[in-house]
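Across the two complexes that follow, subunit A remains constant while its partner is subunit B and subsequently subunit C.
Let's turn to the complex of A and B:
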C-alpha cells in the first residue's frame, strides 16, 4: 500500500494561483477608511487570498478571458469624445453625482442631499460604529462567493476608492444619477455602492458613462419588504475600455427590482448580477441590450436564486453583433426546495449581422421545488430574410429595413424599463448607434 | 404600364427553368388576371416582378412605363409604383403596423423626391382606409401581421396597397385562405382602388375572386408561358371545364 503523498495537479495549480494572488496583492494598500469599513475591506482581502484571482481556465471564465481585469495596470484606452448626442438622462430631473476617472468631482455634481433618502460618499462615510451600511458593505458580495467565487468583486470591496451609500426611507421621486466620465487614457475606476431601500421605499438609480480605461463597480442592494429599486445603466460609447461590474441584490417580500443595462462598444465588458429572492412574492426583472461592432466582447453573467415561494424572475438579454463582435450570456436560475410557485423566465438572444460574430450562451435552470413555472430560451441567428424582403417590397431601403428589424429585436429588453422617459433616452441611443454602425 | 417580354426565369439553387418565354402587356387602368394550374409559374412571376432573391432571369425584360424593373432593388420597384399583395404575408414581431406603414410611405416619398407625410395626415389617412376595410384600431396597433387571422393578413395587404397608392398592383392568390365574406371585403377594397391610372395583375387559381374583381383580360399560364388570352369568359370556361380542355386545345 502506498501513501497518497503526491499533490494532485489540481491542488498544485490552486496553490500556485494563491501564491500569484498573494504576489499580485502585495503592492495593494487599502484606502484609508472608517474603522468599520476598514474591517470589511480586510475581510474581503482575506476572502480574496483564499480563492485567488480568476483564470481563463476557470469554468466561470470559460467564454471571457479575465486577463484584462487581473493585470496589475489597465490596458490604456483612448478617451472617446461623444459630443454628437445630447447628455444621457439630461432631460431628467435627477440628483447627479459625477466621477471623473473614478474620482468624485464636487464641481460637476449636485449637492449631495435628497428628500426621503440618506446619501453620502463612501470615502466620507462616518466613523460611527453604528453606521447603517456597516452590516451591508461587503456582506452581499461575501454571500455571493458561493457556489461560484467572484474574486474581482472581493477585490473591489477591499480596494474601492469611493462610491455612494444610499439609504432610502420613502418614495424618492428624483433619481440618483451616477455619472462616470473619463479624461485619462490610463486611469482605473474602482467604485463600490451600497443601496438600502427600507420597507415601502422606492428609488431610481441611474448609471452612465465609460468611467475609466478600466472599470470595476460593485453595487450591493438590499431591498426590504415592499421596497422598489429601479436601475437603468448606459455604459458609454468608448471603444477600448474594459469593465467588470457586479450587482448583488437581496430582496424581501413583495419587493421589486428592475435593472436594465445598455452596452454599446467597449472592448471587454463583464456584467455580473446576483439576486436572491428571499421574501415571498418578490419580483426581479433583469434586462440588457448590447450592440457591438468589431472589437467588442460583452458578457452578461447572471445568477438568480429563488429561496422564497411565489417570486417572479425574468431575464431578457439581447445582443446585436457586427464584424466579429462577441457576445456571452451565462444565466442561471436556481429554485430552492422552499421556493414553490416560482415563476422564472430567461431569454437570451443574439443577432449575428454577418458571419464573423459569435454568441456563446450557457443558460441553466436548477430546480429543487416541484410546483414551479420556469422556462428559458437561447437563440442566435441572422436577420430573417423574409422580414427584410417584406419591408423592402413596401419601399423601405435595405439599411433602414435592417435598422427597423434590429430595433424590433432589441425591443423586448427595452420593454423592461418601466419609466417612459428613461426608455426613450435609451431608444435614442440605440437609434444613434444603429445610424452610425448599422450597415 | 407593365410590359413583360419573353421572360425566362430559373430557380437559382436548382438550375430549373420556371418561366419559359412569358410575354404580356397590362395597359393603364386595366385589370388582367392570370390563371393557371399548380406549378405553372404564377408565384414565380410575382416574386420575380417584386425582386425576391433566388430567381435568375436568363432572358427577356419586364418594364413599368418603360423603366426596367429587373434592374431595380425591391424598394426601388416599390417607389416606382409597383406593389405586390403577398400570398403569405409574413409576421414581423416587434415592428408596429403603424410604424411600418409610415416608414414605407415616407421612404417611397423620399425616393420620389416628395415631402414626408406629417404624422397627423398619415394617421387620418390610415384610419379612413382601415375603416373601409373593416380593420379595427387594435389591429393597427399590433406588430405587423402578428396574431392576425388569414383574412386579417390579406386585409392588411390591401390596406397597405390603398395607403401606398401604387400604380401597378400585383395580387398573388389574394383569395387563398379567405372565406366568402373576407373575399368580398378584399375585393371591395381592390375595386375602390380601380382607376384610370392604376392597373392590376390578379393571380389566382380560381374564378371566384374574378366574380368580385371583374377582369378586362384573362391569361392562362401553363408551363411557364401564356398559352391563351381572352376576356372574362375565359375564366368561366376554366371554372366549368378545368384547365385540361384549354391545355389540350393549345397542345393540339
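Let's turn to the complex of A and C:
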C-alpha cells in the first residue's frame, strides 16, 4: 500500500510543473515600467509561478498543444505578402495605430488623440503613480484565473512590451484601429490593451493583421453601466504564424459587448474570451468565422459567466475546414444562482470539406439557476448534398454552388457584426479566401 | 421532510405536486428496510489476503486468483479520478467489508426451497416473485407463457439463485452467476473477461477486477434469440459492505438478448461503496438491450448516508451490424459516476443510449455515455433527460468520437435538463471529436424549466394551460421510458413517470 506520507503522483506532477516553470521564467526580465505597472507585472509573475505553464495533458488544453506558445523562442514563420486585396478597414474613417513586429510605429500611425476618449500607449503611460488604468491592468486577467488557470495570459500581463490604454467617456464616432504588421520571420509580439468604457460611452475597436511569428495579446475591457463596446478583429493571412489571444470583459448593467473574429490561415491560433455579466440586463454577443486549408489549427475557447439576472449571451462560431485543417471549440456558459432570467445561447458548427478535416468541440453548460433558458447546439458534417443538388439543378456550376453554400453557412456569424461597412469588409475577405482556396 | 417546505418556490408551469412528488422520491425511500439475516464477513480492509480470500471463497481456479492479484497491484498504483463534477468525500477503502455472505449460504442450497426464507422474503419485498417463477419453471409448456423473466439475484456479495435455468439451457443460453461461470465455463470467461473493460481501465474498474465477489454471466449462442428477458437484482444489505459485482454478457453472431438490472439498498447513516463493471461483447448481427433501474439508497435530505455508485459499463460491438441499446433510469445513489459506453467497431454497427437521471436533495450525479465510432457507417443516438431538484447537482457528460476510419458515420445527441427549485444545478459537458470529414454529428442541449416555446405551441393550438403543461412534462421523459422493456417500465414509471405525469392535468 502507498503510505500516507508519500506524495501522490498528481501532487508530484504539479510540483514538477512548477519547477519547470520556475526554470523557464528565470531568463525572463520584466520590461521597465512606471511603479504601478511594475507592481502589476510582478503580481502576474507570482500568479504564473503558482500555477505553472500549460501542458498538453491539461484538460483545458485537451485539443490544442500549447508547446508553440510555451517554447522560449517562437517557431520561425515566413512573412506572407498579401497585396492582392485592398487594405483591411481601409475604407473606414478610423484612428489607426500601427505596430510592426510588436513595436509601435509612429510614422505609420495617426496622431494619438480622439474625441470622447483618452488614449495612450502602455509603454508611455503614467510616470506618476496615479493612472486610471492602475486598478485595471492585470485585474481582469487575475480574476479569470479561476476556475481554470490561464497562465499564458498572466505571462502576457507580466511581459507585455506595449499596448494601448483607452478610456471612453462619450460616444466615439471614429473607431480605434490597431494594425499589426510584420516584417521579421522570428519576431514575437506581446501586447496588452486596456479599455475602460464609462457609463453611456460607446466605442468601436478594430484589430487586424498577423502581428509577428508568434503573437500574444490580452485585451481587458471594463464596461460600466450602459456602456457599449464593438470589437471586430481580422487576424491576417500569414500561414505559419502562431497566436494566442485573450479577451477579458466585465460588463455592467445594460451594457453591450459585441465581438467578432475572422480567422483565416495560421498554423496555430488559440483565441480565448472570458466575459462576466455582472449588471442586470447586460448583453454579450461573441462570434467567429474561421477558414483553414491544410496546416491550420484554430481554437476558440469561450467562457461566459452570468452573475446578474436578465442578461443575454450569445455565441456563434463557424468553421470551414479543408484538407486536414483542425477546428476546436470549447465554449462554456456558467449561470450562477443569482442570474435568474438568463438567456444563454451557444452555437458551434463546422463544415468539413473533405474527409481529412477535424472538428473537436466541448460545448458546456453549467446552470445553477432554474428560471433560465439556456441551450447549445453543435454540428459537424459535409456540405448538404440536397442543397448542392438544388443549386446544380438550377444551372449553378459546382464550384460556385459550393462557395455559395459556404458563404451562407458563415453568414450567421457575420450577422453578429452590427456595422454594415465592417461586415461588408469581412465578407469581402471571405469571398477572396474562398476564391483562392475553395477547390 | 422538506418536501412540503413552504419556502420552496414553485415556478410557473411546474405543478406543486410535481415538485413534492419528485422531492419525496428521495425522502421516502421505499426499499429502505434491512433484512435481519446472519452474515459471514471477511475482515474489514483490503489487501492481497482479502483478494485471495474472495477468490478462495468462490472456489476459483489459480488463473483467476492471479488475475485478481494483478488488478489489485495495479490499483495500488492508481489515483482516484477527480475530473467528474462531483464532490466526493474521501473514501477509506480500508474501512469496508469486501466480502459478506448470508450465513445460511455457506452450504449452497440445492434449490431455492432451501434458501433462508428471510432472503426470499427480501426479494418478495423487492417485488421479484422468485418463488412463483421457480414454480413456473417446473411447469410443462411454461415457455408459452407471455413475458417471462429469468432472474439472478445478488444479495450483498453472493448470487442467491437463478430462476429458469433449465428453460434457458434448452435454448443453449447460459445464465448464471459469474462465480459459477468461472468454475463451470472457464474457457468462455477466460476468453472474454477484461477484454471490453481492461483491468487497468480506470480506478474503480481496477478495484472491481480485484475484489468482485459475484455478478451475472450470460452467453447467447449463435443465432439464438433468448426466449425470455434476463434480469439481475442487486441488493446491498449488510452495513459497511461494498458491493462489487461483475457482469459479462456475450452475444454470439446473430443472437439477441434483453437484459434487465435493478438495484436497491437499505437506509443507513453511513455511506456504502458500489463499484460494478459490466462488459458486453456483441458479435456480427447480434443485438443486446441492457436496461437498468438504479434505485440505490440516495441518503437523507441532509446528504447523510447513501450509496456511492461508481460504475463502468461498456459494450463492444465487435461484429458488423452489431447493435446495442443502453437504457437507464437513475433515481438513487448519493453519488452516481456512470457512463455506459459503446465501442462501435464493426462496420454498420449501432449504439443507442437512453437515460433519465433524477437527483434530489443532496444527490450528485455525473452520468452520460461514450460513443466511440471506429467502423464505417456506424450510427449512434443519445437521448439524455436530467431532472434536478432540491440541492442536487446533475451533470450529463458524454463523448462522441468519430475516428479517422469511421467514414459516413452518424451521431445524434439530445440532452435536456429540467430544473425544479432554485438551489439545484444542471450541467452538460459533451465532448465531440470528429476526425473524419464524411461523418456527421448533431448535438443539442437545453436547460430550462418547462419550455415556454413548447407551451406556446400547445396553447396556440387551443389547449388550456394545464393540458399544455401536462403534455410537455409528459413528453420530457417519455422518449426514454418508452425504450424500457415492459417489466421495467412499471417500476420506472413508479419512480419517474407517475410522479411527473400524474401531477399535472
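Definition applied: the second predicted complex is superposed on the first by the 436 of 439 C-alpha atoms of A that agree within 3 Å, B and C clash if a C-alpha of one lies under 4 Å from a C-alpha of the other, contacts with A are read in each partner's own complex, and residues count from 1 in each chain.
Basically, a residue touches a chain if its C-beta (ideal position, glycine included) is under 8 Å from a C-beta of that chain, and two chains touch if they have at least 3 such contacts.
Since this is a predicted model, take the numbers as computed values, not measurements.
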item: Combined model on subunit A: subunit C and subunit B, fit or clash; value: fit
item: Per-residue contact with subunit A, leading partner among subunit C and subunit B; value: C
item: Partner chain(s) touched by A:8 [first = subunit B, second = subunit C, both, neither]; value: second
item: Included angle at subunit A between vectors to subunit C and subunit B, based on C-alpha centres and rounded to the nearest 10 degrees; value: 70
item: Which of subunit B and subunit C A:352 touches, first, second, both or neither; value: second
item: Partner chain in contact with A:337 - subunit B first, subunit C second, else both or neither; value: second
item: Touching partner for A:59 - first (subunit B), second (subunit C), both, neither; value: second
item: Partner chain in contact with A:378 - subunit B first, subunit C second, else both or neither; value: second
item: Partner chain(s) touched by A:389 [first = subunit B, second = subunit C, both, neither]; value: first
item: Which of subunit B and subunit C A:404 touches, first, second, both or neither; value: first
item: Subunit B versus subunit C as contact partner of A:367, first or second or both or neither; value: second
item: Gap in Å between nearest CA atoms once subunit C and subunit B share a frame through chain A; value: 14
item: Overlapping contact positions on subunit A, where the subunit C interface meets the subunit B interface; value: none
item: Residues of subunit B that touch subunit A when the two form their complex; value: 50-53, 73-75, 77-79, 84, 86, 89-90, 92-95, 99-100, 103-105, 107-108, 111, 143-144, 160, 164
item: Residues of subunit A that touch subunit C when the two form their complex; value: 1-2, 8-10, 59, 321, 337, 340, 350, 352-382
item: Subunit C to subunit A touching residues, read off their complex; value: 11, 47, 76, 79, 82-83, 407, 417, 419-449, 451-452
item: Of subunit A, residues touching subunit B in the complex; value: 384-387, 389-398, 400-401, 404-405, 407-409, 411-412
